[in-house]
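My questions all concern the structure below.
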């Protein structure tokens, strides 16, 4: 029951995020969608992921987008694509969703019985991250640093050249 | 409908909505938002398969999602930086005006 | 081994050092360079006297008169090539002669060349020449001798062309070098042959030298394909080198032209020393020349010596004939030199080393005397060389005249008091006793007659009568100065003349039949004084004959040129009036130069042109043909390409371009259109997968 | 620890130099300075190698072997004996001279000097490589810079000359390559030393007999064919008449500094190949052709000397004179094919001829390069004129110039006391007993050399002064100083040839022992 509510909340937020004309409103709806999703994670027993979702997406990404919107200001056009390409896009989206849904529906792999609820404590995750996934963790750290520097460089470059 | 398939359906819906945003809006920021949604849909899939799949004690799905979130954060940072940079050049964030890569 | 033998190398090294230092001198450092050259030469002279006395001492004490010092030079394969020097009577006597005459000519040159711009360079070349010539003399290795021999040729070349701005001088220098090099190449081949036969080029090396008994025996025994002993072939080839250097027929053509050089050069190089090097070479390798198999009689001359004799005799007469009709004072002397060198060769051929060498030494003194006298005359007459325009100089240049007369009488062989008489007499005596033929003797006598005649002619032209220099200068409009009067030369020039004149007289004393000091010195024996020497078989008749011949020559000269004074420079020669045809042939030197011009030189340049043609048209032609063929093929291939391959290829290209353009439209640069395609593709893919899984 | 450089490091020096010149040499002075510094560094390395070299041993020294492509039998194998060392010294000596002669080049100086250094690297590699694979790489490497040097900086006919040069040598290289590929096909060996040993033991012919349809008889013919192919490659490079027509045009059109390199060092590559590669591997085949080869050598000597007589361009005269001088080397090399057997007298003659050949190679490199240098100096003063009849009486205004060039000319003419004589003497000394007729005919070349060189002196330096050169400057102090080393070396070698002969003698003996 809870799942249905949160799912509806998520979908509603997502639809609002992509269809609202005001960009700031879009972002607020996006935050709603992210929050809904976080709730779904909690329902599914992945507490860590749920909180990470809120921290990263709601706390960081969404704020970042807001800043971007403020920085680029409003260039006056919120419009969707031209009518023809809008139609085409919609058609394609429906096709994709259809294939996905049909696949999920007809998949035999989904007919399993429910297994016991797995434990995903912080300790387990921490141990796994530090032992089995130590190298990927390092790599992701490196990637983040690189991305950070890269983003800073790309965004700052012009400013320095044109004071 | 089993819990797994409903999760997957949610994920598919979310993905389609994100995809629709990417395809049907012209503002680069909105496209980025769409992409974020698609990523989240994928994350949801991982969690669902971890929760209902076999050998959940290996934590594979969780790990995947953790790294995916990391990558997504990086991607968002770089993508937005690019958008700012492009905006400085072209004074627009409309994606269909940015077509200098045309063949 | 005494100090002087060990340090004999100093004798050539000193002038070489002087040459090196003078080469670095500035152009205006005249006194410095002259002093350097003369000082070095003087020291060499003193050392040569030391060497000479060393040999004298050795002979009087009955010790071996030949001492050698050999040293290794470089290695090839398993052996070292050795060079060395030696001191023997022949070396000693030549050393003294060359350094003495050289010293005098150096002193003379300071006067003669005083006004020349390139004074320092002149002394540099002269010193270098002296060094090389002394190297030839002391060499105990045919290779070392050859090397110095070539260097002598180089300095001769440099000095003949000293006044290089005169084209004739430059041409004469080149001619001299090349003509002598023809002989030198034969020499080189002979040397190589000798090397391969004897295994060494050292003359004397404690029994292992190439002029010593074992090597000679082997070479005599070794017969070549045409039945000639190897020794004969080698000797003849080496003699060819001597022919070139000593201006023997047929390679004599360069020597008269060499008179283009400054007169001291003519005196030193082309009268006294270098041209005599050929004679010296024959004397040096005399054991090889005279080597005969044991079977043959020791008395009969070897083939090599016969050739030497004949070439010498022919040259003696041939050159003397030409000298009769020349008008250039130095050319007359040059042909006279050629003729006298012929005598020396003949002397070597018929009488052995001592006979030829004696004439070489006496000739060196009186011929350099004559040349320097001629130089003095030319200097006094302001560079006039034509004897027809001289005359009457006996009163104006008394010292020159007196010394010139001494030289002339010595050259003619005036009896008893002049050295030339004794040396020439020795040759004629030996020729008369030659076992092969009497003809060389007759030729020699004829040469003596001609010598006396042309020298009388020259002296009458130059020194007697009235001066024709002034009249000539009046006749030419170019004379814008007052007619120059001949004057006596400075003392630096007359002093050597007097010294040489006394030598020309006194030297005769050492080679008379009564006291054959020279002969015995060369053979390393103590001389014996005995008047009985005159009474030896055939000596007195020969002396009488030659005396008669000399007087006949002098009288003939007087008859043609002395009876009435020569009045005008333009008057034809007395002989020309008598026999114009013969005179013209003689005046044109038997047309030998023209003969060479029309044969050897022309063939040579024809061959050169042919070779160039071969290069340009045949060798290159083959290459060009091949390359043209290849080019033709490639042209064919290109046309095929253009009209067949390219057309279709272009079509293909167009198709590709068009389709490319079509495809490029897909490349809209719009991300969304790409994503649309991705979406379609994804859906299609899933459908296909599911469908394929189903079926 | 041994501080002396190895052969590989010597090869690398000019390569690094070329890169450095290209990278740093934006202006002319810097470029030539760097280039000269590297050229001198290479010279110093060579002298250090020379010092380290043990002259008492005739075998290869300073060897370096590294596996490279084992499947193809390719090793990196370098080493030097007396001959290699002599050629190394010559190359590293001529390169600075050539640079000095091109000191004032105006167009793209950094590229020019870099190409020269590259050429030097090719030369050093060729003279030390012992495996066909990289030997051939270096052989070709030296060709490419030479082509560009001629093509970009040459005279008015440079395009034709460069193409002719390139195609000619390329054809030679191709036949050479084919020959060695054929050898490799049947033996599987690229190493020169091993191939030489195979040839001596007779296994080479056996291997060739394994060719399809091969018998002992066809093996002989096949070996001869392979030998001819390789010979052609070297014959073009030396060159041997009638494969020489590229040379006069190339030498005349190349910039004079490059001509110095071409004649001083590149012409030695062919001779070096003949001695190091062809003779040990194909001794039997070469021996069967000895009489025609000797005739070719004599023709090279005599015809080129005759052709030089009628040339009107100084560079062409020296080009033909160069062919003539190399002809003596050919004569020496081919004459040692004459006798086989252990007769010590004959071995000694062969040693003399080979010693002479080595010495002559060095001497000719030195002298010819110096002569072309003088031509460069003359061109600089005359504004590019270099015809035989363009000058006259220069001795009056340029005494030192005339004197020093005269010295080089007389060295080329073989005057005793200068370096040219000993080499020629030793060659003739060795050849005369081996092939007397060839030696005697070849003396004609000596005479003709004298004629055209003296004619040159007569036309250029003697006679009345040509008024257009009345103010020609004499040699400057810098020019005198830079000319001093080669001229001093000429005199030193003329008086004391043991300087070189001492180093090569054991090598000569070793070679003679091999070739009998």
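The chains carry the letters A, B, C and D, assigned in the order they are written, with residues numbered from 1 in each.
To be clear about the criterion, a contact is a pair of C-beta atoms (placed from the backbone, for glycine too) under 8 Å apart; a residue touches a chain by one contact, two chains touch by 3 or more.
All figures in this text were calculated on a predicted structure; none of them were measured in a lab.
Peer 1: In contact with subunit A and with subunit C at once: which chains are those? Just list them.
Peer 2: B
Peer 1: Please state whether A-B or C-D has more C-beta contact pairs across its interface.
Peer 2: The greater number of contacts lies at A-B.
Peer 1: Considering only mean CA positions as chain centres, point out the chain farthest from subunit B.
Peer 2: C
Peer 1: Which chain's mean C-alpha position is nearest the mean C-alpha position of the whole protein set?
Peer 2: Of all chains shown, the one whose C-alpha centroid lies nearest the global centroid is D.
Peer 1: Roughly how far is subunit B from subunit D, centre to centre by C-alpha average, rounded to an integer in Å?
Peer 2: Distance between chain centres, rounded to whole Å: 73 Å.
Peer 1: Distance-wise, how many Å sit between the C-alpha centres of subunit A and subunit B, to the nearest whole number?
Peer 2: Taking the average C-alpha coordinate of subunit A and of subunit B, the gap between them is 5 Å.
Peer 1: Compute the distance, rounded to whole Å, between the mean C-alpha positions of subunit C and subunit D.
Peer 2: Here the centre of subunit D sits 34 Å away from the centre of subunit C.
Peer 1: Report the inter-chain centroid distance for subunit A and subunit D in whole angstrom, where each centroid is the mean of the CA atoms.
Peer 2: About 76 Å separates the centre of subunit A from that of subunit D.
Peer 1: Can you list every residue of subunit D that touches 2 or more other chains, as numbers and ranges?
Peer 2: Touching at least two other chains: none.
Peer 1: Mind pulling the subunit B residues that touch 2 or more other chains?
Peer 2: Residues 19, 23, 26, 96.
Peer 1: At least two partner chains per residue is the criterion; list those residues in subunit C.
Peer 2: 672, 676, 679
Peer 1: Would you identify the shape of the chain contact graph, picking one of line, ring, star, complete or other?
Peer 2: Looks like something else, not a line, ring, star or complete graph.
Peer 1: Which pairs of chains touch one another in this structure?
Peer 2: Result of the pairwise touch check is A-B, A-C, B-C, C-D.
Peer 1: Would you mind writing out the residues of subunit B in touch with subunit A in their complex?
Peer 2: 2-10, 12-21, 23-27, 29-30, 32-34, 36-37, 40, 43-44, 47-48, 50-52, 54, 56-57, 59, 62-63, 65-67, 69-78, 80-85, 87-89, 91-94, 96
Peer 1: Spell out the residues on subunit D that touch subunit C in their complex, using ranges where they run on.
Peer 2: On the subunit D side, the touching residues are 167-168, 241-242, 244-245, 248, 303-304, 306-307, 309-311, 344-345, 347-352, 355-356, 393, 395-396, 399, 410, 415-417, 421-422, 425-426, 428-429, 432-433, 436, 439-440, 443-444, 446-447, 450-451, 454-455, 457-458, 461-465, 496-498, 501-502, 505, 508-509, 512.
Peer 1: Subunit B touches which residues of subunit A in the complex?
Peer 2: Touching subunit B: residues 3, 7, 10-11, 14-15, 17-18, 23, 26-27, 30, 33-34, 37, 40-41, 44-46, 48-49, 52-53, 56-57, 60-61, 64-65, 67-69, 71-72, 75, 77-81, 85-86, 89-90, 92-94, 96-97, 100-101, 104-105, 107, 110-112, 114-115, 117-120, 124-125, 128-129, 133, 136, 140, 143-144, 146-148, 150-152, 154-155, 157-158 of subunit A.
Peer 1: Which of the residues in subunit C come into contact with subunit A in the complex?
Peer 2: Contacts found on subunit C: 672-673, 676, 679-680, 682-683, 686-687, 690.
Peer 1: Quick one: which bits of subunit A touch subunit C in the complex? Just the residue numbers, please.
Peer 2: Within the complex, subunit A touches subunit C at residues 81, 85, 88-89, 92-93, 95-96, 98-100, 102-103, 106.
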